[in-house]
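Dropping the structures in below, format is structure tokens.
Next, two complexes with chain A in common: one pairs it with chain B, the other with chain C.
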Partner chain A sequence: MKEPRIGVFVCWCGTNIASVIDVEKVAEEIGTLPNVVISKTYKYMCSDPGQEIIMKEIKENNLNRVVVAACSPRIHELTFRKVLENSGINGYLFEMANIREQVSWVHKDKEEATKKAKALIVGAINKVSFHESLEKRFVDINPATLVIGGGIAGISAALQLADAGQKVFIVEKNENIGGHVANIDLMFPYLFSAKQLIEPKIQKVKNHENIELFLNTQIDEVSGYVGNFESFINNGNGTKKELKFGNIVLATGLKTYDPSGIPEYKYNELPDVITSYEFEKMLINGKIQTKTGKKPKNIVIIHCVGSRDEDIHTYCSRTCCMTALKYANQVRSALPKSNIFEAYSDMRAFGKGCEEFYTRSSKKNIMFLMFDQKDGKPEIREANKNDDCSMIVEMNEKLSGEQIEIPADMVILMTAMEAQNDVKDIGHAVGVSICGSSFFIEKHPKLDPIATTTDGVFVVGSCQAPKDIPDSITQAEAASARILSSISKGRVQVEVTTAEVNEEICCGCQTCIKVCPYTAISFDEEKNVSVVNEVLCKGCGTCGSACPTGAIKCRHFTDVQILSQIEGLLSKSLSTSTMEEK
Partner chain B sequence: MSVRVNTELKEELKRFGVNEWNECFHCGSCTATCPLTEENHLFPRKAMRYVQMGLKKKVVTNVDPWLCYYCGDCTTTCPRDANPGEFMMSMRRYLTSVYDWTGLSKLFYTSKIWEFVFVILFALAVILSFILFGPAVDKTLTAQGGVKLNEFAPISIIEIGDWTMAVIVAFLLISNIFNMFYKIVLSDKKVKVPFISYFIEIRQLIIHYSTQSRLLKCKKNRSFWVGHWLLMTGYTIMFIVVVVYLPWFQTEEVHSFYHPQRLLGYYATFGILFGLSVAIIGRLRKKEEKFKFSHMSDWLFIIMLYLVTLSGILIHIFRINGMPMATYYSYVAHMAILVPMIMIEVPFSKWSHLAYRPFAIYFSRLRRAGIRKQNIKINQLATA
Partner chain C sequence: MSFKPKIISFLCNWCSYTGADLAGTSRMKYSSNIRIIRIMCSGRVEPTFVMKAFREGADGVLICGCHPGDCHYHEGNYKCLRRFKLLQKYLQQMGINKDRLRLEWISASEGKQFAQLADEMSAKISELGPCKVKKVMETS
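Our next item is the complex of A and B:
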């Protein structure tokens, strides 16, 4: 190994760092350490002039390692790696000391903060001395895509990809595609026909030359990694077929909550208490009537059935409020003289055109009654003989504080959207975790909402969280754009700071296999050692710390690098009195 | 005990005034700005909710609309333009019709035609009775240029008419007040009013009738209070003088300007005209919230009282100037407007607020005393 020639660059970050830490003093003292060739400060290290300073110093002083003391590596590590690469040094011969989030933003005492900043920089200098050059790695992409689920989200993603000339496999467990949208009469807020939306898309999927559709089929297991997945699909009669593809779109959708578990609503007990799903069917068939064939005079629509409920689902199902308003509108048109009651918890009209829809609907003589699930749900009971209705809904109305009775001949329960029963199996097969509400977890809730922690697997539509039609389509088309971009590159870069097993030392205990969160480690029975799939490995380091024999080395975070960093942090060698005191 | 919602009440109430209250989304800004709302009387929001939901039982037993003196702050603060101030006004009209057991109040409030028919019928009855039973207007009545009003309209006969009218109106009004008392106080079985409170709280009834001090609690109503108080005292003086002291008031002899008979009459006339002018100008300018919307019944009341006063002034002018025929005609006209005004307005329409407002305060004080007694009992039970 060549003698390290380290350059240290301390950033002011305007006043963010410089107002708390004496950056000049830090740079001066750090400059006296062995192997540190140059130590400088600058107002904004990440700015173009800042980057130029680093490049200039690398060339003039023939530096081979660089430490930048600035903000979090989450923000600018890649920026500075690029600076090194542009100067002809491997980007991994770099280390960042976070003296903003970890020091200046959280400490007031200037002297103590300066001390801590120095310690962090010394640690970084020690670590970077042991850094090794790592080379970027790429894998080729199989341009075919597997879409799991043939609802509106799956169909939308498949059509985008297929229209772009790429092969798509759609695996649908039911006998039809179209999903829930195919069972909807009109759509909020503009009351367009859902059939007119979905039917042409279904036909297009069926006739598309690039789409291979597998109905009544489920996936068994998925192996491989981004660009090179393999899977067996199973159509129920035991016939298995192998598919190969480079990306996966998870679009398994939702199912509706079964309200029989809520005793207050007496679903299945009272004949005219029906779910929104059943009412939608009634609308498609064109006749709103009770079980005895009569026109209902009083229709009560109860919101949040299974949603926003501490005992069932705490989340909001997002579409039921507007669907309930749509029902009120449709009932008002079909039965102009009926009494319509909306028993709601909060009216959530956040989508485009939805608030306006709510405003229009509120002028249609619909009575809105508010309840709070925490104070108990509305309770449905059979009416007395002298009542002119068949049922009574009793509830605690929140805005008046009164216990009220609502006459009802038909009660529509706006049931929650919930995850499919088999999400765990599917999630396990493709390597995507599920959240507490059994929806698939995206990579980042804000910044990366359709990717997952498994590269090449995208999650779209209501299997990620309850969603309306436009949101599902938006996600599906966004995912297909991501997939097409990786297909057009032809190859994808994979993580290089991965773990590797020293087969000489590995004792075959398989501890690492148990702890790996990405199922990236397998066991080689012949050699009796663990093998890391470097494409699946994310370099989290869990296996490295669990390995009892020290056979696993995590690149860029090797034992010697970490230990020397710790040594640097606690070092007394720094020739200042402040470090002596520690 | 749960209350049944009702989709029709809202439609029924639309006929008593404006109907923007469905816009209300219950932010509570109105109640927060109201200078008069207090514990146990949270208005106007809560009453608006009762109406939106059609909780008829709650609406008809609600005393709150009478405790509101319509400064209009709620309406100016309302982010939804639901007009809570005018809502309370409409509620007062509705409640007047609810207290009235004859059903005539509802008829007058909701139908212009019926109200006019009754006004004209009463007026015709007055004119006809003068024509049929009045003395012939011959030379004896107009001789020597003197005005012999007491011969044209003998006090003994007019007094009989006065008292008959007073008894009928009092009977109707008192029975309506009792109905109001039943709805507000008695129908709530949970609240038991201590017997002594009925006497103690009468003080409040008198104070509020004579001062209308609640109006002063609304900043915007302070200047209005002057006109209203002058109108009320003027009207009350005139009423007492005409019904109780008619022989002292209606004299052939023209007293000097400083005679109490004339001074009282002038004060009453000035008070009524001043108060009416405030209302008329306000309702025409439509600047203040309380005057922006005028129901047909508001105008009818103002116009009738104005005409009564005007004809009264004419009688006076003609009489002191010794113009017999003109005096007699204006006397008939005066009666032909006064009688329908009293008969329709006092028990069935806007005028009834002179009784309902102070009684509402009285009843709410009774309820409060009942609730307080109950709380003491509950506390005693809790500590025991």
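Our next item is the complex of A and C:
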């Protein structure tokens, strides 16, 4: 091994790191360590000037290894690997010390934080000293894409890909495609017909030469890796079909919250308390009427049913406020003399044209009443016989501070969007995790909201978080663009941090074969040793920890790398590793 | 000076490390004596790593992986659990209190749980006092 010449670059991240950690002191002390040739700080290491500093130092000081102490490697590891590659060094001769998420953002005591930052950097220096160059490996990409879910997001993604000449499989568990948009009458804020939007798209999907549509069908476990996935789909009759594809678009959408869990609203008890979903059906059928067939005189629309509620879903469902205004507008046109009440907890009119829609709506003789979601949910009860309405909605109006009673003949509950029941199964099948609210987790909430932690799997529409139609389409088409760019490259990079067997040490016990979750290890009877199939290996390292002789090396997380990192993290005085390569 | 324990923590890349990052992005404050090592899967944690940590002067070791059924590599966390159970027995034979080694499941959304766990672990190890293995090994 060449003598390590390590460059350490400590980032201020503006004040994010520098206000808690004494970065100058850290850089100075780290600079005294053996093998550390240069130790510097900069305001934003990830910025162009920051990257240029690293490149310049690599060239001038002939560095062969780099440590950047900054944010989480989950954010910028790839950025800095690129910097190394652009400077002619293998990108894997790099390590990050996470001194933002793990230090400056979580610790208050400046002295302790500075001490910990130093320890993390020494750990990184120790580890990087044993890093090895790893060569990127590529495999050909299968240009077909699997789209799971045939709602507006899935359809939009599929059409983009198919129009670009690529094969698409759509798997939809219901008997129709079109999803929730197919069950909407008009769309906010411009009150266009949803049918006119979705129907031509549905027809186009059905007749597209590049799209194969599977209805009433679900997917089984997906195997393989980016560029080369395969799975069986089954239609419930026991017929299975094997599909092969290179990328996956998850577009499984949402379901609506069942409000019978909120006692104040008496859903399922009072016949004319209905959900927004049920009211939408009425609008499509062109008849707004109570269960007894009468035109309602007083209509109350209650917002945030199941959303922004600490006991149910803490998130905002994003579309219900505007949908509620849309209802008020549609009722005003259909029943000009009716009394319309919007009981809201906060009016959220974000998005293009929405605030204007709210302003327009507020001039249409609609009564807006505010309630407190936490302690003051409106309570619905049956009216007395001699009242002029069938129900009474009692609420504490927040702005006036008065306890009021609203007459009602129909109450519409603006129910929350929530994740589908089968998200966990689907997440398992494709290797994507779900968040605390059961939506799929994107790779990065700000910088990479479409990709997932599994390469080649993209998440679009409301299965990632509640979304309106334009946002779903935007995300779907962005995912298609990502997929098309990988298809146009023709090949895709696969995992390089795989396991490797040292045939001289392997005793042929085959323990590794038993523990491998990917059947990536086979046994060479002739040589009496285990052999790793590097295309199947995903680099989890389980075989490495099970190997009794130490014959298996888990690249980039080798024993010596981790053991020397441990030494670094625990070293009292600043000193580097005593470890030696096996 | 009061005893400040040193704790080494192995976090799997997909769930637990992301969970710890979330604690950071949410600016949750927790005890500063936890030092984190990123590994791809809790299944990668070799008993040697844990022993090395104690040998180098750690007072506690915390391993975190994905919740059962959520492992990015299907079942690495189960393998880790089995090794953990055996390792606890072995530690006791070495004269190390088994509570110095802990295995917990932290998902990518459990930043708050990670911060609480770090504080809890730190309090527990402070109560147990310094781990004497390093000293014993140096003098023998």
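Basically, the second predicted complex is superposed on the first by the 364 of 582 C-alpha atoms of A that agree within 3 Å, B and C clash if a C-alpha of one lies under 4 Å from a C-alpha of the other, contacts with A are read in each partner's own complex, and residues count from 1 in each chain.
Definition applied: a contact is a pair of C-beta atoms (placed from the backbone, for glycine too) under 8 Å apart; a residue touches a chain by one contact, two chains touch by 3 or more.
Note that the structure is predicted; figures quoted are calculated from it, not measured.
Undergrad: Touching A:Pro407, do we find chain B (first), chain C (second), both, or neither?
TA: first
Undergrad: After the superposition on A, what does A:Glu199 contact: first (chain B), second (chain C), both or neither?
TA: Once the two structures are laid over each other on A, A:Glu199 reaches no partner at all.
Undergrad: Contact-wise, after the overlay, does A:Glu394 reach chain B, chain C, both or neither (first, second, both, neither)?
TA: first
Undergrad: Could you say whether A:Asp258 touches chain B, chain C, both of them, or neither, answering first, second, both or neither?
TA: It touches nothing on chain B or chain C.
Undergrad: Would you check which partner chain A:Thr453 touches, where first means chain B only, second means chain C only, and both and neither mean what they say?
TA: second
Undergrad: Name the contact category of A:Met367: first (chain B only), second (chain C only), both, or neither.
TA: Only chain B is touched by A:Met367; chain C is not.
Undergrad: Check whether A:Val106 is in contact with chain B, with chain C, with both or with neither, and answer first, second, both or neither.
TA: The answer is second: A:Val106 touches chain C but not chain B.
Undergrad: Residues of chain A touched: more by chain B or chain C?
TA: Ranking chain B and chain C by residues of chain A touched puts C first.
Undergrad: Could you tell me which stretches of chain A are touched by chain B in one complex and by chain C in the other?
TA: The answer is that chain A has no such residue.
Undergrad: Going by the contact rule set out above, which residues of chain A touch chain B in the complex?
TA: Touching chain B: residues 339, 341, 362-363, 365, 367-369, 394, 397, 399-407 of chain A.
Undergrad: Within the complex, which stretch of chain C touches chain A?
TA: Going by the criterion above, the answer is residues 6, 8, 13-15, 17-18, 20-21, 23-25, 27-30, 32-33, 35-41, 43-49, 52-53, 56-58, 66, 69-70, 72-76, 79, 83, 107-110, 115.
Undergrad: For the complex, give me every residue of chain B touching chain A.
TA: Residue positions touching the partner: 1-5, 7, 22, 26, 46, 49-50, 52-55, 58.
Undergrad: Inside the complex, what are the residues of chain A that reach chain C?
TA: 72-74, 98, 100-103, 105-109, 112-113, 116, 119-120, 123, 428, 431, 433, 435-436, 441, 453-454, 497, 515, 517-518, 538-542, 544-546, 554, 557, 559, 562-563, 565-567, 569-572
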